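Have a look at the structure that comes next, please.
By letter and in written order, the chains are A, B and C; residue numbering begins at 1 in each of them.
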């Protein structure tokens, strides 16, 4: 089973991104489960959304505490939320940022002081990609499509074709722009598993 | 034919309701149930579902509206949660007493004060004595299937049935399930033919005043019908298994549990899924535990429960509803049912969650690991 | 699957075990629970009690509110033969009693009456058939005479109306100026009455003492309603040609006669004084009024005083003309401060002298007619009761008709045409349930501005448009008068109320199903008009 945790701000699209991912995984014949932190739908408040993927029905109902992948949709959330908590060793943390990965250093309960964090950190400037395709505005770029392209690119968890197939179920407007942004993020992250 | 899909729990329920072709829907929005009736209203609006959608100003009006439509012989649907279900209370009694069939979906949620919108079974447990059947579901698939089964059983018994899902935990979670096609459901669930109904051309008196002796007689018959309800429900579940290849029963043993273990966990609702994960791990670690799911709360399936608990020494009941000053409500039901066993097992009453307090597999595992410390008299609250 | 006994029972159409029955619930009708029952009781609205004609204002405005203007007009006419006239000249006693005054301001009843009255100009009353042999003569075709004629004609009498002037109308035509009552309106309203009621009008026919005894042989009854034709003059004044009575001047103006002189002084504080002064100003004369008391004490209608002042009329108050001397041309007037002596007004200190081309007295009217008392004579109008309003004259005519009917044995004595308001109670403001009304200012008729009106006889006010009427009619509470609004129907928890909106009997429009009414009293509590009462149920 793979477990993915999205961190975002209310209104940024973390919940929708988690649903698109679950839908895409479903198209690949897998069992998937997606749910948000319940009842925290205030705009701007930190929210988390969770996805589980498996080859059999997923029984567990509690929130994801030891994810394989963490997605941080706004880099500044790292100051407020312990995003790396429980991340499995060898796991991956994907951050929407224009800064290099090396500029992010995680400390705290899950990190051994003086040691390199036991997970990969990858940054992608998703805001830039979203704005280039006219998704959202400077204050709140809409990155739920490109963030999934980037996740597919860096993890190989899901195929970009499956994501493209799932998009129309959740994106009511500017579908073509979202598709382009998704693919650009996918390509930019090097299509590496 | 059944189609694979991945849906939010509330959408799965709306699809289940749609397949049952209710002629009338009336409900009032309340978190976390709102998505169900919103989806249904959109289906009606798009013409996918031929149904009268009656907008009302309160849950009291919603249940009263369907009281009328069912009396007139129309299959109907309503849904609610928490304070909304409490507001329906008076009419819930009337509905059952009038022997009217209905399926109501309740998204379990805490009742204030203090204000809380998260999962808690106190709302529906508080309605145990209204004369409704109560069925608790573990997954969205189970909820969808149970709605179809419930309409069939309800119309055979001429009794209303409340179908429970855990608010948010099921309603707001997207998961994979099978949606049966319409023909399959139509074959299983024939159109509702009311044996009696409001009809100006054939006047009948409904629920008129009954003198004490007649009242007593009617309630005796009512109670007898209730005690036969598990049999009717089991028949409907058996027919369902034939047609849809999914099995349900009033009490279910989970395969993750160890049938031979003398210790069993009992719970109901979506928490069972997490308990499956916990129990599977416990058994792997040599802490042998069985896992039983109570699906039917009213009437309580005491024969079915006694049959699977006969050889147990310890029963640990995980509660999500409290009768304050007494303990877990589900524990009381279990204790009462097992009282007549010759070898009564120890019953540990554990309040595992209220108001959405998260239950992890580790939470459940810790209860089992420390089972010797549990009181068998008082309610065990988490430290 | 297992056959279950209760399922089988239902299929057999046998409801044993179910709370369902084929038995009638008649024995258990919820109506048997009640100790009190609601019933409809119309009440007197304060406006109706204040009206000299006792017009059921709440009821006829109810019909208008229901969108039935013809029915409203028919009901109004039952009580008031001349609504287009009274809608213009009545001081609206009703509005001063309106319950809505406590809420915001009175309903513009006069305006609404005028709206219907104007509608009636195009819809003559239903014609009547003469089916009685007795003939009735009426002397004087003023409002009292016309009213008596109308009410008697409706009972099948042939009426002959004798009028000394060239046309019918009396003071309506020869005293009230055209800017208050346009002659076209008056003519139309009178013509409608004459035609519909087949009244035989004989104009320029002066009936003196000689003629009266002759009439008595020909007519069963004679109603004497000649009005008061002459203005009184103060005893202290000399009798001079340049001193005239107000009625004489108003009549001359009405007939279009030339009025000599330029500077006029009118003495008096009633409507006649104002009408005379304002009419003369409209002919280009210089006019001032002298009144012996204060402005607040003037008996003229307040609205008229306000209009006159707006037109720039000068009113000298608390002054009297103590003496008048003729000059070669015109008059010299000796004006004194007025002085109260034992409630009487007399002359106080001398103030000034003034000159005028004509001095007009408008201090009251009298009759110079004398006639021989006769059993068959009935008097009516101002002649019988002294100067009063048009509505009071119409009411007096109705009473005279009533007397005729009683004397001829057609109407048993206790019965009469005048409604008996004593049998019903009056509805007070606090008895109304006004949650369904919002505060809203009254709609008033458009008024010509004081500059453009003061030099001509154009009618000052314009009748409400139907849109304005619609807004104003919604302000009426219809106190004590059921409008079948349906609020009781809506609130009845036992569905025990039905409405019959077409029913004209206002106490039969709400139908109570006493078999199912529990007597809860919600209907009585919620009725906006206070017409539902609870009575003990026996």
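Here, a residue touches a chain if its C-beta (ideal position, glycine included) is under 8 Å from a C-beta of that chain, and two chains touch if they have at least 3 such contacts.
On a predicted model such as this, the values are computed, not experimentally measured, just so you know.
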item: Topology of the chain contact graph, where touching chains are joined (line, ring, star, complete, other); value: line
item: Identifier of the chain whose CA centre is least distant from the whole-structure CA centre; value: B
item: Whole-Å gap between the CA centroids of subunit A and subunit B; value: 35
item: Distance between chain centroids, defined by C-alpha means - subunit A, subunit C (Å); value: 83
item: Subunit B-subunit C separation of Cα centroids, rounded to whole Å; value: 73
item: Multi-partner residues of subunit C (each touching 2 or more other chains); value: none
item: Residue numbers on subunit A that touch subunit B, as the complex places them; value: 19, 22-23, 26, 31-36, 38-39, 57-63, 65
item: Complex interface listing, subunit C residues touching subunit B; value: 1-2, 4, 6-7, 10-11, 13, 15-25, 28
item: Subunit A-facing residues of subunit B, complex; value: 4-6, 31-32, 117-118, 139, 166, 168-169, 172-176, 256, 270-271, 273-274, 276-277, 356, 358-361
item: Subunit C-touching residues of subunit B, taken from the complex the two chains share; value: 97-99, 156-158, 195-196, 204-210, 218, 221-222, 224-225, 228, 231-232, 235, 239
